[in-house]
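First the structure, in the form of structure tokens, and then the observations on it.
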Amino acid sequence: MAMKKLVNKPENLVQELLEGFALANPGKVALEGSNLVVRTTPKLKDKVALVTLGGAGHEPAMSGFVGEGMLDISVPGEIFAAPGPPRVVEALRAANRDAGVLLIVLNHAGDVMSANLAMGMAKKEGLNVKQVLTHEDISGGPRSNPDERRGLVGCLPVIKVAGAAAEQGRSLDECLAIAERMEANMATLALAVSGATHPSTGDVIATIADGEMVVGMGQHGEAGGGTQSLKSADETTDIMLAALLEDLQVKAGDELFVVLNGVGSTTLMELYLVLRRAGQILESKGIKMARTLVGEFLTVQEMGGFQMCIGRLDDELKALWDAPCNSPALTVK
Amino acid sequence: MAMKKLVNKPENLVQELLEGFALANPGKVALEGSNLVVRTTPKLKDKVALVTLGGAGHEPAMSGFVGEGMLDISVPGEIFAAPGPPRVVEALRAANRDAGVLLIVLNHAGDVMSANLAMGMAKKEGLNVKQVLTHEDISGGPRSNPDERRGLVGCLPVIKVAGAAAEQGRSLDECLAIAERMEANMATLALAVSGATHPSTGDVIATIADGEMVVGMGQHGEAGGGTQSLKSADETTDIMLAALLEDLQVKAGDELFVVLNGVGSTTLMELYLVLRRAGQILESKGIKMARTLVGEFLTVQEMGGFQMCIGRLDDELKALWDAPCNSPALTVK
Amino acid sequence: MLDAIGCTEMSAMLRGAAAQIRDNHELLGKLDSVGGDGDHGITMVRAMSHLEKAVDAASGKDLKSLLHDVGWGILGVDGGATGPLLGMFFMGMSEAAEDIETLDALGLTDAFEAGLAGVRAQTKAQPGDKTMVDALVPAVMAAGCAAEDGGDLLSVLRDAANAAAAGAAATKDMQARFGRARNIKELSIGTPDAGATSVSLIFAGFLKGVEANG
Amino acid sequence: MLDAIGCTEMSAMLRGAAAQIRDNHELLGKLDSVGGDGDHGITMVRAMSHLEKAVDAASGKDLKSLLHDVGWGILGVDGGATGPLLGMFFMGMSEAAEDIETLDALGLTDAFEAGLAGVRAQTKAQPGDKTMVDALVPAVMAAGCAAEDGGDLLSVLRDAANAAAAGAAATKDMQARFGRARNIKELSIGTPDAGATSVSLIFAGFLKGVEANG
């Protein structure tokens, strides 16, 4: 699989993509400082700010979630690599306010180290910062072993509800509690059907044989979970949803969101087939598919496959889910 | 290239994808009659309705453009195949109103035939319907030979401005004139870097050799234009934008929109690089990049590549472009 | 001896056409995949099942309604270019059958001509442009010549089928100027046109249908 | 004879490490692509150019500032897991150099130990988990033993480099339990760990740097 990408010099890739991203969303985001992605119309200072960090190459994530009702600042790293602590501290300082700052971190070694170091420095400086870690990938291990669970597209629901809470003027502790409640009530599983190439190195970052698929593939082509024969949309949905419902211990009467996140070359068409089947299964079990979100939010270059993320909603979380937002990757009226 | 898609029985594909699509956008669209895609909150009857038709397999197009400020009804066909006249007539009847109905048709043989037959029947029935044809693909031939030019992603700007005009209560003739003005002032060129498979037949619908790319590839993998060596993002942008500026006779001082439409596996990352370069070129020529839209709007399954569409904007078109809309594929606040 | 085509005979012709298409749909898909999108085989199979449904439902109706329902059914197949073209062929035939109970040789060729007119109203494609027009025009002309020469219905159908086959075969050396295959320009030379091949199968099926029935 | 490491000598060591990494970055990328994402080579090259920039800018500063600037520079490399781990190694060394003008053998091993502590504060990875810790721990231990045995600075650096190389080589037979390669489980066996290999190159570079300088 030779790389077929429209890129220029690898060493300029992130800089150039950020410039294009800002140009594509002039009314929404801008670059500030050392390439921090910020809103063009900042949130009032008496409201909690939300900050995140994460490697580039997953567009629209994470910087595409910056906007009204979502994030205040995103710190993009290099391709697939977390930004270092200095820029994360810079972001925490830029977001600093009496109301406090919530840092949302996806559980990947580099992100966690950077975040922890930055949090330590920020606290030393007296900043009012708290942190929430997302780790909802059930392929990493049992729920009792959260360290082993990666953070996948579940960051989006967490950002959505915490962002809405912040916009409503809730306190830092309340925003944190809401983010943690959402985090504790969700589960994600990733499927890969075809590989991808690393846009800087050109290396193949995952190879999946003809007629095969991998359940539990990580966000950077890291293998994991089971390689099995490629299945129909319905069969694949059955397998993945069963695992998620089991992990989250979903019961009849529960209300769920279902997020289907295409990771690259898998079409919306296919995701609609999967959602249709998920709806049938949930209905047959007396579980309500209360909210849905289908699209490409956190991609892995041109990889084929998707992440299925489900989460248990209560009335407050539903209201926060429905609250308006306006970011490059998600707009709710 | 073996097909790696999550599908079920090919003969149910369109039915299933439409069901999933409706499930994914419950507050926005619903299926009605013989799978017409309609808004859940219809436009007032004293405003012009917009209808379109088109093959499936290009998701989110065309049904993803149904919503406030955009389309009222979309008639999805089979995979890559226009719906027949009976369902188009059904849609025109369903949309019928004194204010009139504008049918937006992309120049592809099947769509045009269906639309013409349906228009003929509708007029016989006394419906107040008018039609606009989009054909902005410059690879088909010179501007003087519009029959040969296909309709590509340019349908989106046309739907956007005509939809906004309709929402403002403009007359059918005014909406038509606005759609035609936008249509006459735009140009699109498609690039393909890697092929795709037909989701029903599994056939390869385009093959592009390693290290090559095709400028002018059609929306269904139809070849056309020139096969050439794969180039950098900047070089590719230079080639495509030069051709478009030439075709549209753009001059210093003009204000343009730039739409970059990823057709499948090409990443947002790459599109941002292209947009960045386009911005540099336009700036150097004294042309204003007044509006931008970057994303996947009209896809060709997992094909790699994108469509670059530029259009000349005047003050009225800019205002219509900025008007709010709320459809599955595009939301403007 | 076949000396008049009423609803029964027309139904047999139509079913004969459907059988031919079904038996050869993979070839049709392959031909379309060279310059088009490879869906012509499945589209034609769907068109033929709409056709058969209309035939099944038409028992007791007159020729005009039978052909109208077949045409309308094919128009409703959501089959890109094929649906309108083929659908309007039968819609055209239907119009020619106005107030007519059975068709003799001249009546049948009139109906074919009306069908051709229905098709040509949809497209500017001319013979030589590598489309279904290249099979349809010679088939309809051959039918007309046979009838004018006093040929019976079977010889009209036989001449039409032969001419359609020859017309389809001749598209192999043409360059496509209509349909998706137009875009590959001279690369379209060397493969017969999918739609023309369908038309030749349909005319072959018309003949087989009445032969099997008679 | 090298009997004290001041800013000049430390700068030579650091540049030696950078040279080693640059000469071997393709190998590093390849090792990382087996179970990781293949970017370790380019990340290390970027880290080393940040390191060199800090060294260039540090002329006249004390050891502590030199090492701090190098660590901070590497932390700023936006290099996933590598940046914080490697950055905190030098940040740790910097802390040990508080108020110290030059390091003798024992001082150097103290600094290495503080660097190791900086790394271990970032990760729960233990020796045997197939990470850079597998090269770092034996290197620091070997340095400590050499110094306690009365070895001079060169023998401390030599033993450390040898132990790091052996430690990195030993990761070949291990199964990754940290980093991205953890996800491929037993498939990670058979390839040395990329990060451990980097550490062994860094220690080899420290030695070469002072040798070339001396």
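Order of writing sets the chain letters: A, B, C and D. Residues in each chain are counted from 1.
Rule of thumb we're sticking to: a residue touches a chain if its C-beta (ideal position, glycine included) is under 8 Å from a C-beta of that chain, and two chains touch if they have at least 3 such contacts.
For clarity, every value in this text was computed on a predicted model and none was experimentally measured.
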Graph distance between chain B and chain C, where chains that touch are linked: 1
Chains touching both chain A and chain B: none
Averaged-CA centre spacing for the pair chain C and chain A, given as whole angstrom: 54
Chain A and chain D, separation of their C-alpha mean positions in angstrom: 33
Separation of chain C from chain D, taking each centre as the mean of its C-alpha atoms, in whole Å: 77
Chain-level touch network, classified as line, ring, star, complete or other: line
Pairs of chains in contact (touch as defined earlier), listed by label: A-B, A-D, B-C
Residue ranges of chain C touching chain B (in the complex, touch as defined): 29, 33, 35-39, 41-43, 46, 72, 74-85, 87-88, 122-124, 178-181, 183-185, 187
For the chain B and chain C complex, residues of the former touching the latter: 10, 55, 77-87, 108-110, 113-114, 116-117, 147, 198, 200-201, 203-205, 218, 220-224
Chain A-touching residues of chain B, taken from the complex the two chains share: 2, 4-8, 13, 16-21, 23-24, 26, 56-57, 59-60, 64, 193-194, 199, 208, 210-211, 213, 230-234, 236, 260, 264-276, 279, 289, 292-294, 296, 299, 301-302, 304, 324, 326, 331-333
